[in-house]
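Each of the next two complexes has chain A plus one other chain: chain B in the first, chain C in the second.
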Partner chain A sequence: MTRDLAAFVGGRLAAAALFVVVVSAGAFVLVRLAPGDATAELFLSRASPAEIADARSRLGLDRPLLVHLRDWATGLVTLDLGQSSVFGRPVSDLVRERAGATARLAALALLVAVAIGLPLGVLTGSRPRFAAFVAPVSVALVACPPIVAVLALLLMAVATGWMSIAPGSYAVPTLALALPVAAMLERLQSQALADALSSPDLIAAAARGVPPARLVWVHAARQSLLPVLGIAGAVIGSLFSGSLAVEMMTSWPGLGRLMFDALTGRDLFLVAGCALVGAMLIAVGNLAADIARAVVDPRVRGGA
Partner chain B sequence: MTTRRVSTALVALLAAAGLAYWFVNTREGSAKPATGTRGGRLIATHRSEPRSLNRYVSPNLAEELVSRLTQDTLVRLNLSTGEIEPRLATEWTNSPDGLTWTLTLRDGVTFSDGAPFSAADVLFSFEVLYDAKVKSPIASSVLVAGSPLTVRALDARRVLVIFPAPYGPGLALLDAVPILPQHKLRSAFDAGKFRDAWGVTTPPSDLAGLGPFVLREYVAGQRLLFARNPRFWRRDEQGASLPYLDEIEVQIVPEQNAEILRLEAGEVDLITDQVRPEDLAALQKLQDQGAVTLNEAGIALNPEMLWFNLDPASPRARTRPWLQRPELRRAISHAVDRQRIVQTVYLGAAEAVFGPVTPGHGEWYLPDLPRTDFDPARAKVLLGSMGLIDRNGDGKVDDERGETARLSILTTKGHTIRERSAAIIQEQLAAVGLSVDVVPMELGSLLSLLMAGTGDYDAVFFSIVLDSFDPVASLDFWISSGSFHLWHPAQTKPASEWEAQIDDLMLKQSTTLDRAERRRLFTEVQRIFAANLPVLYFAAPKVVVATSARVGGALPSVLSPTVLWNAEMLSLVPAPAGSTRK
Partner chain C sequence: MAAGAALLAGIAGLALFAPVLAPNPPDKQFADRAYAPPMRIHMRDASGLRMPFVYPQMLQDRLAREYRDDTTAPRALTWFSGGSVMSLPDAGGPLLLMGADALGRDVFSRLLYGARLSLGVTALGVLGALVLGALVGGLAGSVGGGTETVLMLIADFLLVLPGAYLVLVLRGALPAVLSTSEVFLLMAGLFAVAAWPHAARGVRAVVATERRRDYAVAARAAGASPFRLARHLLPAARGFLSVEVLLLIPALLVAEATVSYLGLGFPVPKASWGTMLQEAANVRMMAEAPWLLAPAAALFLVVLGVQLLVWTRAPATELLIGRGRIS
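Up next is the complex of A and B:
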């Protein structure tokens, strides 16, 4: 690894660590400041005021915010993310179980999205007639909120019986996450490829007699990779943000659903824990994308 | 002539027999056989997952479901009929003062791991229930006059349950107490680790129970798989051992649209929650095709309600004293067309109601209570009687200071039924000149406001959960010192004469053992409530539970868990001929 690449990676790592801490601490503070707390559920189950007061004390909700935050941060240093008030279990255990499921789903969705989006982008970028059919579908999919995409896929699965919708089945959640990303990649790859094909060096290559297929699939595709890599961070972010609706609708036991349970139960430590791990996954994804870009294009390292 | 008469009689007899045969078979076809078919896996959905496998430490619906499937109680409240049924106790007697119950335990019962059940397990369960370290959330529902029950063993097969005061519902209280295996949990309890025992990560093989099923597998966030407990004590009328089903798989599906889709796809047999009105039409079509059965359990016990802040210290009432006048509540009740809410919000799947006790409460419901029928002209007269009249001709009533009479109704954001109902109430009150602001709030924010007890609101449109038919279960709603006496909670002494009367009647009602006398007292309570209307009710939904057509033996209840409360009697029957289900 060259010195400038090492410096680039070091800088990105520090930024990622700061991002993770700010996101998780921010989540903790926001949930603590929002009206209502974890004892609301007790109130609905008609617990007595004494029981509610006892629960508030047990959960530390009677302590000042800064003291509470300090205790959480102290635990964080020793990798103790606290105890979930909703599940009555260590937050670290819960997020470990669920983050794996989300990461698996996200990785598979990314793979499917890349496998569909990039070749399709090359095709539509090199054949404008083909693009006329594909582009409207891609634009619709990019604009489609995850909840609509997953509902449509569930309806299709029910109507056709082609895909199982049983909890734990991969087909519907993977496609629901992958299709909008594939559409985004297709649009970007298509534009980048069209730009590359009109660049002077590729026009010259064509004039030199390089076969059209090689020109498109080797030379132009390689050149158009950089802009696509540039949005890799955003893609990874969208996979995690979209996973909330997808996991809810498809009963996927991932981090998004855990975060939803934590938010509805006003579970401070669990919200912060989910935010921490979610931010870490996004940071790692972004870091990987940044490093890939830096390896492909040395100019990126200078901007670090 | 005689031959003709005999022939006619024979034909008539055959026709009658044929008709009877057709009728019986048709009825059986829809009502499912009394005796179930052995075997099969029933797949149900549930919205939430358990946070513990121990009902004593976590009181939510998922834990209750796990407890109902894997544990058993001394007696059970039949959620379909409301009657008390023998379970681990086969018979019981009561002392003349009504305080001491002697229960005889069922002979030959063993836990799912083969250990024998005895009175020691009953004593252990109550010891855990009331233990200060365990802090069981279900303990407060097993107190009488604020004190615990005393439980003693006479011998291995008989226990005494001593109530600290006479208690109207009697042994129904014991329905909340699953009997735990002392041999499995005593050491954790003695070590002060009971709350951590039987967590969701505990291997299912470490659990033991007296219920019809045992937990075989729990996949966090996905499913619970229960297998038949071959040692379950109960047999059906033909002497066949129960449960009929080999397995019950409970899939965790947190989203209701996804639940309905799964039922429509034929991937699940049962949705544990009730069906929303907007889903009924689609499911009705599937029922017509023979794929789904819609089981009407009755009218819900917890209709949405509009209550007013009647705390005299409320800051709102200082500037607008008319907010606390009974004429206002009566006027609003007359101004709202309940049928419109029934038809528009519930799409017809509800009944107009005028009080907290709906037809779903069975014997406690009074169909002849005085009603405030839809009568906008009467509403205007009542508003006028408080000095709320249109003084400037803008169509809105003004108070005596000439300011527009305006009140706000808080409700929860995202709850479709509440938001739509509140919008109709707002529109219909505008028609009589009363200005209303509907304020949808996040649930947490609304509950936080109510818990604070500062009384800083005009009115709230919300509902509360009821888990019993018996009015004593809602004592904290009826009596003025109760924390759920929503319109003016936790009063140190009754703020009004009528609240004092209700306090007196409800306390008597809760300690009277004679059921007829309890009904009489509660009738009086309802009449006083109807005369003062601290809370307004408009519509109560019909509780409809959807199952696949192959589910037999369902006895749906308006209480949760609507069908799985009687899981041992459920069975899977072949799909009816002509079913077009995929």
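Up next is the complex of A and C:
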């Protein structure tokens, strides 16, 4: 059992590494092909053509695309991500700080969402009367994408003062990301638990005299874990996607803001660096979800 | 389900008839109306019931942006005049049902016109994604083999990328300054490119099952080309695609809002829900002029309508996986 699990993890790791490289190289090529480059500001500040040519050669923009890409890839092997032209600092330093901020936010939001959504889903799945109160709230929250949720929370924070809106404060960005996901998990867990409770083995267990609480919280909850884990990848993607708007609106110093600054400044190395760590975070998240599924369900390991 | 359909139909109707429903031109800046609060429509005064009327607003304090109702001069609303369903006679000043923004523009009129751009680009993007997805998925499913593997690898690759970033990078790599119609087509195109894998995956699954059916085997045996075969197989994916339409609407609507909010969408003076949010997302003004957040409420209503509509059409799981990819 441990061997096929190891093979499964090894295969996924290789795929993840390939994914990370392809994403960052893709971002590099896209921005390199984009109209305009990082010397636009020099041009606007009326630098002499010689100065601009000098800056272009320093940034490698005078080299052909493939040579430039190869140079960047060579640096990548030695973990040198190049120098940011917007910030004038090594990309690896910038990216490390900002990726940490985004990862903290996403992880905290996921934790909050799981802590609220799953237990609530078990409750609503096993008690229809309770569900009548929770389900409408859930449906409303599912309809609040992070960009709407963050504005609503900011308005609430400003109007009531219950939450801090100071830069770096966790409450608003975390809740904005967590609430829609919590609602989604609640609905899904509720459905999965109700399905599990009506499955033949649980009816048999109930007939054997397993106490209702144990039946719901141990037997049915374990069975319902699988469909919930099935959307883990989608949840990770939505947390990342949503973090872009949330970071911009709450001045959170994360990867989303950095990527935006890099793109608008045509900062080639920084765009590639952001794509690299972003892809890494996603790959790690998906890998964790895959492993969790493989541990819970042996069928997944068989390469399904 | 009926509630969801009614909600969506209502919003689509508002967008469609914006030119006659909007009391004011969307880009017109009214002097002395910056951050004016929403007007209330009154139906009764001291003498009892009357035709709907409003009290004109008067700027009380320019610095504090305080407005006061001029209760001495009630103005009856005029109906179906001047090309608008409901408006105020000129002397009464502009009719501001949802207040005014920083430049004194009518938020309600901008919301209606913004819906045309935001919902329009979403609709075109959804259409593009479905066509592209059905083509790729249909081809992969009916041809099978290496083609299928490669196409689905590409789809899976794009699916893992967070949609907001995918659209951001693609948009960031294109020229920044474009006209409204260019932005409209470009964004719809980007949305189609970013969203087709969702449709392609499902279509491929349906078509791959379908091609083992007798009629498909017979068509192949009779020498049908892969394209002709795909044409026979694709109708089987109709049910899947009808749900997919609904699931993609919120995702792309949020994408428009995000991209325009970041300043990479529609050019700023143009009203779209995203550009309006860009002007509204100012924490200091939020408490004083919460009516500027109207487009966020509109977004919420559209997504809610979709949720209510899908709720009964698709199993909950499918619906929620759909939600997982939003924004």
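Keep in mind that, in the parts below, the second predicted complex is superposed on the first by the 280 of 304 C-alpha atoms of A that agree within 3 Å, B and C clash if a C-alpha of one lies under 4 Å from a C-alpha of the other, contacts with A are read in each partner's own complex, and residues count from 1 in each chain.
Here is the rule we use: a contact is a pair of C-beta atoms (placed from the backbone, for glycine too) under 8 Å apart; a residue touches a chain by one contact, two chains touch by 3 or more.
Treat the numbers as computed from the prediction; the structure is a model and nothing was measured.
In the superposition on chain A, A:Ala34 makes contact with both chain B and chain C. Residue contacts after overlaying the shared chain place A:Gly121 against neither chain B nor chain C. Shared-chain residue A:Gly168: touches chain B; no touch with chain C. In the superposition on chain A, A:Ile231 makes contact with chain C only, while chain B stays out of contact range. Residue contacts after overlaying the shared chain place A:Val22 against chain C, while chain B stays out of touching range. Of the two partner chains placed by superposition, only chain B is touched by A:Phe43; chain C is not. When the two complexes are overlaid on their common chain A, residue A:Val86 makes contact with chain B while staying clear of chain C. Of the two partner chains placed by the overlay, chain B and chain C both lie in contact with A:Val158. In the superposition on chain A, A:Ser241 contacts chain C only, with no contact to chain B. Shared contact residues of chain A, touching chain B in one structure and chain C in the other: 34-36, 151, 154-155, 158, 165, 248-249, 260. Of all the residues in chain C, the ones that touch chain A in their complex are 157, 159-165, 168-170, 172-176, 250, 254, 257-258, 261-262, 277, 280-281, 283, 286-287, 290, 293, 296, 299-300, 303-304, 306-308, 311, 316-317, 320-321, 323-327.
Contact residues on chain A toward chain B in their complex (touch as defined above): 34-37, 39-49, 51-52, 54, 86-89, 93, 97-98, 101, 151, 154-155, 157-158, 161, 164-168, 248-254, 257-258, 260, 266. Residues of chain A touching chain C in their complex: 19, 22-23, 27, 30-31, 33-36, 139-140, 142-148, 151-152, 154-155, 158-159, 165, 180, 184, 187-188, 191-192, 227, 230-231, 233-235, 237-238, 240-242, 244-245, 248-249, 256, 259-260, 263-264, 271, 275, 278-279, 282, 286.
Across the complex, chain A is touched by residues 51-52, 57-60, 135, 137, 140, 195, 199-201, 219-223, 251-255, 257-258, 261-262, 264-265, 267, 442-451, 464-465, 476, 483-484, 490, 582 of chain B.
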